[in-house]
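The same chain A turns up in both complexes below, where it pairs with chain B and then with chain C.
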Partner chain A sequence: MTGDDLAALLPILVLALGSVGLLLIGAWFPRRRTLILTGVGIAVAAAAAAAFYTPPVEEISGLYGSGLYARFFTVLWSLVAALVLLLSVRYAVELGFAGGEYTALVLFGAAGMSLLSASTSLVGFFLGLEAFTLVFYILIAFHKGDPLGAEAGLKYLVLGAVATGFMAFGIALIYTASGTFHLPEAMEGITAGARFRPIGLLGWGMLLVVIGFKVSLVPFHLWTPDVYQGAPAPVAGLLSTGSKGAVFAALVTLLAGLPADRSDLIPILWVLSAISMVVGTLSALRQDNVKRMLAYSSVVHMGYVMIALLSGGASGGRAIVFYLVAYAAANLGAFGVIASLTGAGGEPQTYDDFQGIGWRNPFRCAALAIFLLSLAGIPPTAGFIGKFGIFYAAMESGYGVLAILGILASLISLYYYLRVVVLMFMTFECEVDHARGGISEHSALTICLGAVVILGILPGPLLDLIAALFS
Partner chain B sequence: MSTVLFYILGFTALAATLMCITRRNPVHAVIYLVNAFFALALLFYLLGAPLVAAWEVIIYAGAIMVLFLFIIMMLELAPMHTPAGPGWKRWGPVAALSLILLCCTILMVAVDTGSSQSVPFFYVSPRVFGTVLFKKYPLAVQVVSFQLLFAAVGAYYVGRSERLADREDKS
Partner chain C sequence: MNLEPITFPWLTLLIVLPLLAAALSLVLRKHPVFSRWLALGITLAVLAITIGIFIVADGRGGWLLYEDYPWIASFGIRYTLGLDGISLLLVLLTAFTQVLAILISWHRKYQMAVFYSMLLFMEAGIMGVFLSLDLFLFYLFWEVMLIPMFFLIGVWGHERRVYAAVKFFIFTMAGSLLMLLAIIALYLLHGQQTGDYSFALAALKNTSIPPALEPWLYAAFVLAFAVKVPLVPLHTWLPDAHTEAPTAGSLDLAGLLLKTGLYGLIRIAFPLFPEMAAASLPLLAAFALFGIFYAAWIAYAQIDAKRLIAYSSVAHVGFMVLGLCAWNVTAMEGSILLMFSHGITTGALFLMMGMIHHRTESREIGRLGGIWGKAPVLSAFFLFFALASLGLPGLNNFVGEILILLGAFHANPLWGALAMGGVVFAAAYMLRLVQGVIWGPSEGRTEEITWTDLHPRELLILAPLAVLVLWIGLYPETFLAPIREPVRNLLEGASLVAMKGGLP
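Let's turn to the complex of A and B:
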């Protein structure tokens, strides 16, 4: 490791060392609000470092890239972490979280996500994925008085440990087939006619199990609703946007190394995408808990992203990256609204808790309505442009059936998204009283709302930037 | 010779792991797991990775399994009453597996003449291992150390008492 490598790691160092620093400060000055707001500052500083500092090397010790693609995702996950922390300021005080530990874990989680998105080697992939998975084991069960949270944490821990086993085994097999960890050469072991092709394919299949688990594709999605329900709302927001998005970002790099003829992988990815959309949609229809509904809807969304992944090529890659940004803004906002409504009585989760609250909390409920519409893909929100990009890429590369399936799934999804909006605004009796929310939450929600609306009306600059990532 | 040993050890490891996950008594399960770790350690040695073999014994069979036993005994998970009698069925399989492992170890030591032919083709000495780890993957070591730090933080947070947590003000 040279000085240049360290310089290229600057944003990650800001996040990791900042989180350790906050842990130390938290030991002597346990003030939740100050600690969490300092964490927001550190995350924004890391985003600025990634955005404005051009690193001197293209790759750091053969593990992580530091090119435009890696920097883009470092900025994105740092900003997501900053928003999550902003959304947690009042929530953490309300539920008695330890400020130093909470902030430090979120910041290190963002570092792990950035590393995963930047990974150019299977070792880097493993380490990045484990870094933020470990953080989530703790964050999901962070509310210690909550038995549902403990259950969710345990479920994620046990299944996550199994997934880690699969990943280590898969990476070992891929290494056996190709003799290198470095992407994309490591994927050469599964090209047609390679000597150890069966071993390489087996390894790749195991890796696919892990990816399916992390981004909750059907049939690896069973943990998702329980964990989302039990996890604190800001953590669930981070889990559904950052951890899934980072895996997809790494997957784009992983798949880029595959041979042009992917005839034996395409059916598997096709089926995963199709059943994720179908099963996710049908399960979401039956929920009466907003967080569980959002969990199943995230399964559907990951199915959409799989379509773009299948389409491949530059247009598929661009569609994935734009969709991840649009999805992150809308989903984080939706979980943020739930966090901001949380009072001493716990989180509002069931549909009864949302009955008629639109007239008492007009700004936040209107924001939630717009986030849900963006998730459903209604213009003029960012979700529409994202879905348009994905289905366009699918049609372009001949996946018409999947595109039609996706469009049908989004049509049906309107039912379960609009149901919440109808509950909030079409009933005038309101029997529940929720928290009023703090300034920090309102500002975070305004930022998410701004992103959703502006990206929907004026997607050009971001699309140009994303096009530059793939050139 | 080494091929035969490889398969014997492989099946021993598999059998021990199978026994481990089917036992109802957690202490018995731990004993089988220790057997599996020893079989794996011998496998690693056979494949030319003596350092990994040593770690398998010292860290997994030694430190981690002792910790497991501590926790099982602290939580009193093991059944209190054991049936009377010699209990061949209970300790027979463990004894058999351990005997196989002992024989394999003796064979390996006996066959190892110290000549260059007895060294496997891919022999990774501790020196080579350390050089690769700290020259090629220093960043990986750093990332792992950060992960361990946060694992410790998490364990501490989950385990600490509520009274300490209340120290934080309500501001």
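Let's turn to the complex of A and C:
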């Protein structure tokens, strides 16, 4: 590794070293608020480093890219981490989290997500994915007093360990077939006529299982509702936006290496997308817990993103990236509202907890309503532009049936999103007092809200930037 | 197109003014009185602007005002607004209706500032629908106007408000999401054919669509608009939404939202797919005729006065659709004029039901009655608007209906003959409403309360409506002049006969 490589890793180093530093400082000065706010500063610094510092090399040790694409996602995940930390300031105090460890883990997770998004090699893919998966093993069960949290952590751990095994084996098989870890060459092993094509395909199939597990595509989604329900709300937000988005970002690179004729994979991806949308939607309808509903809704959303992934090409890639940004803003915001309403009585999770609270907490509930409308894809929110991009890509590359399925899923999804809005604003006002929320939470929610609305009205600049990523 | 070289963006102002006021109203949630005056001031300002445009336009044809800016360059989406005679009439109706909606809600208590804010948001959305000439922009406004309506019904509505609000939202979304796919498909086809990726209505008109795909795309557009119109059998959301909505909401639903569906047919669906439109006109006419009778029949059986008026709306839009289907100048002009007239009369009836409900806490025809002796002015107004609604000659609806009937006879004598019967039905249910509400025996309720006749504020609301009813009824030319040329252009530009190569 040369000095240039190190320089190119600057944003990641900021995150990782900042994480280690906070861990050490936290051992002597366990002051939650200060530590977490410092973590926010570190994450923003990393985002700034990625945004404004042009690295001297295009690729780092043949493992990670450092081009515009990689930098874009480093900025995105660092900002997501910063928002998650902002949303956790009061939450961590309320539930007595160890500030140093918590902050360090979130920052380290952001580093892992950034690496995964930037990976140009299967080894890099493995390292990045494992880096943040390890973080989540701890973060999900961070609230020690909560049995649901422990259950969720264990669930994620067991399934995650299995997935890791699959991934290592799958990568080994792909390596056997192609003789390289580097993308896109590693994918040549499965082109038609390649010598070890069956082995390569088997490896790729195993990799798909892992990906399906990480982004919770049906039928690998069963952990999702339990883990979302048990995890602390800010962590669930990070899990639902960053960890899934990073996998998709890497997947775009991975699939770009595939030969133009992807006829082997298309039926599998098609089915994964379709059943994720259908099963996710139908399951979300039956929930009476907002976090579980959001879990199933994320299954549906990943199904939408799969449509764009299938469509491929420039418009597919652009649609994915825009959708990930729009989804991250809205979903993080939704979990953020739950976090900000959390008081001594625990998180408001069931629909009953949301009954009639709208007029008592007007800003946050209105924000939640807008986030949910964005997830439902109603204009003028970012979610609408994102969905438009996906359906556009789908129609362009001839996936009209998936587009229609997606439309039907969004139509039905309206029902469960609106249900929360109805409960908040259209029932009799209740006497339950939820937490009033701190200034840090309000500012984080304002940022998410601003992103959702501004990207819905003026998406032009971001779309242009994303177009530049693929040129 | 004769583009007016304008410097001041009047059309944008029509959208932005209510939008800003709505946002301000939300922020100043704690100052309801301020937001009330703000809402009134802004809606009056918008009304003044539209009246100004109406006077300046003076019946000219072409685009009276036109604005065009790039918006989302990477998709070729533009912010294009245009105002011709047809949209002018509807914009005028919107501005006028919203002033009344604010006035009728003057003494609302619960979350007043948010209520006004929703009304203003809706005004912006509806203005946008009537003005957009870029399909993406149109779709955006088309959906944006749903959200405030959803909240108006759901938060401030009557007993079954949540059911009605969710049903309204999901019904209309179901139609419009399919339209979104059709818009994208059209955009892609046009882009692939010409290399010019654009959502501009004018550009997309020239797309040649594969015959296998064309019916589906047309169906998606028509379905979206037919749900909003609503054409029987897609109307079931309407009685619930109209009945459960607060008075201002019913006013906007009947007066404005239904018109957006008809406007979409005229402005977008027919011009984009002229051949398909020609082929579907008899089918649409059949649905319209069926709707006229079916809705009249159901209206006659209602016990809830608001629901009766809601069904009368369904019957009236049946006439309007029939007028479009006749596809000649007379009927089309009648249709558009009836769109305007219906907004006034049905709006007035909903307003008056709101006033009566406010006094009696009841909307049941059987429980009301005997008002004539106690509140003569109110009753007289009610009778007047009910007569206008059933098409009494000399009042506004008559003009529109007679033009439609003449045109329909011209196009197909059977349609005309059948529609004629619908007019009789309208008289039946309207007279039953009048008889039940203002005369007739009442079951207790109206006897007990002390009746106050119209307040000055209520008189202020009803008087301009009554003037308009008489004006359109006696001298419709004022309102027919601006639509004459646009209608001719529509019929010729998308002339169905010419498109079919000269065959009738």
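Brief remarks follow.
Note that in this section the second predicted complex is superposed on the first by the 470 of 471 C-alpha atoms of A that agree within 3 Å, B and C clash if a C-alpha of one lies under 4 Å from a C-alpha of the other, contacts with A are read in each partner's own complex, and residues count from 1 in each chain.
In the analysis below, a residue touches a chain if its C-beta (ideal position, glycine included) is under 8 Å from a C-beta of that chain, and two chains touch if they have at least 3 such contacts.
Because the structure is predicted, anything quoted here is derived from the model rather than measured.
When both complexes are overlaid on chain A, the residue A:T281 reaches neither chain B nor chain C. Residue contacts after overlaying the shared chain place A:V20 against chain B, while chain C stays out of touching range.
In the superposition on chain A, A:W359 makes contact with chain C only, while chain B stays out of contact range.
In the superposed pair of complexes, A:E396 makes contact with chain C only, with no contact to chain B. Applying the stated contact rule after C-alpha superposition, one finds that A:Q229 touches neither chain B nor chain C.
Interface of chain B with chain A (complex): residues 136-140, 143-144, 146-147, 149-151, 153-154, 157-158, 162, 165-171. Across the complex, chain A meets chain B through its residues 1, 5, 9, 16, 20, 23, 30-33, 60-64, 93, 96, 98-99, 101, 104-105, 108, 111, 115, 123-124, 127-128, 130-131, 134-135, 137-138, 141-142, 144.
Residue ranges on chain C touching chain A, taken from their complex, read 29, 71-75, 111, 139-140, 143-144, 146-147, 150-151, 154-155, 161-162, 165-166, 169-170, 173-174, 177-178, 180-181, 184-185, 187-188.
Every residue of chain A that touches chain C in the complex is listed here, in rising order: 359, 362, 373, 378-380, 384-385, 388, 391-392, 395-396, 400, 403-404, 407, 410-411, 414-415, 418, 422, 425-427, 459-460, 463-464, 467.
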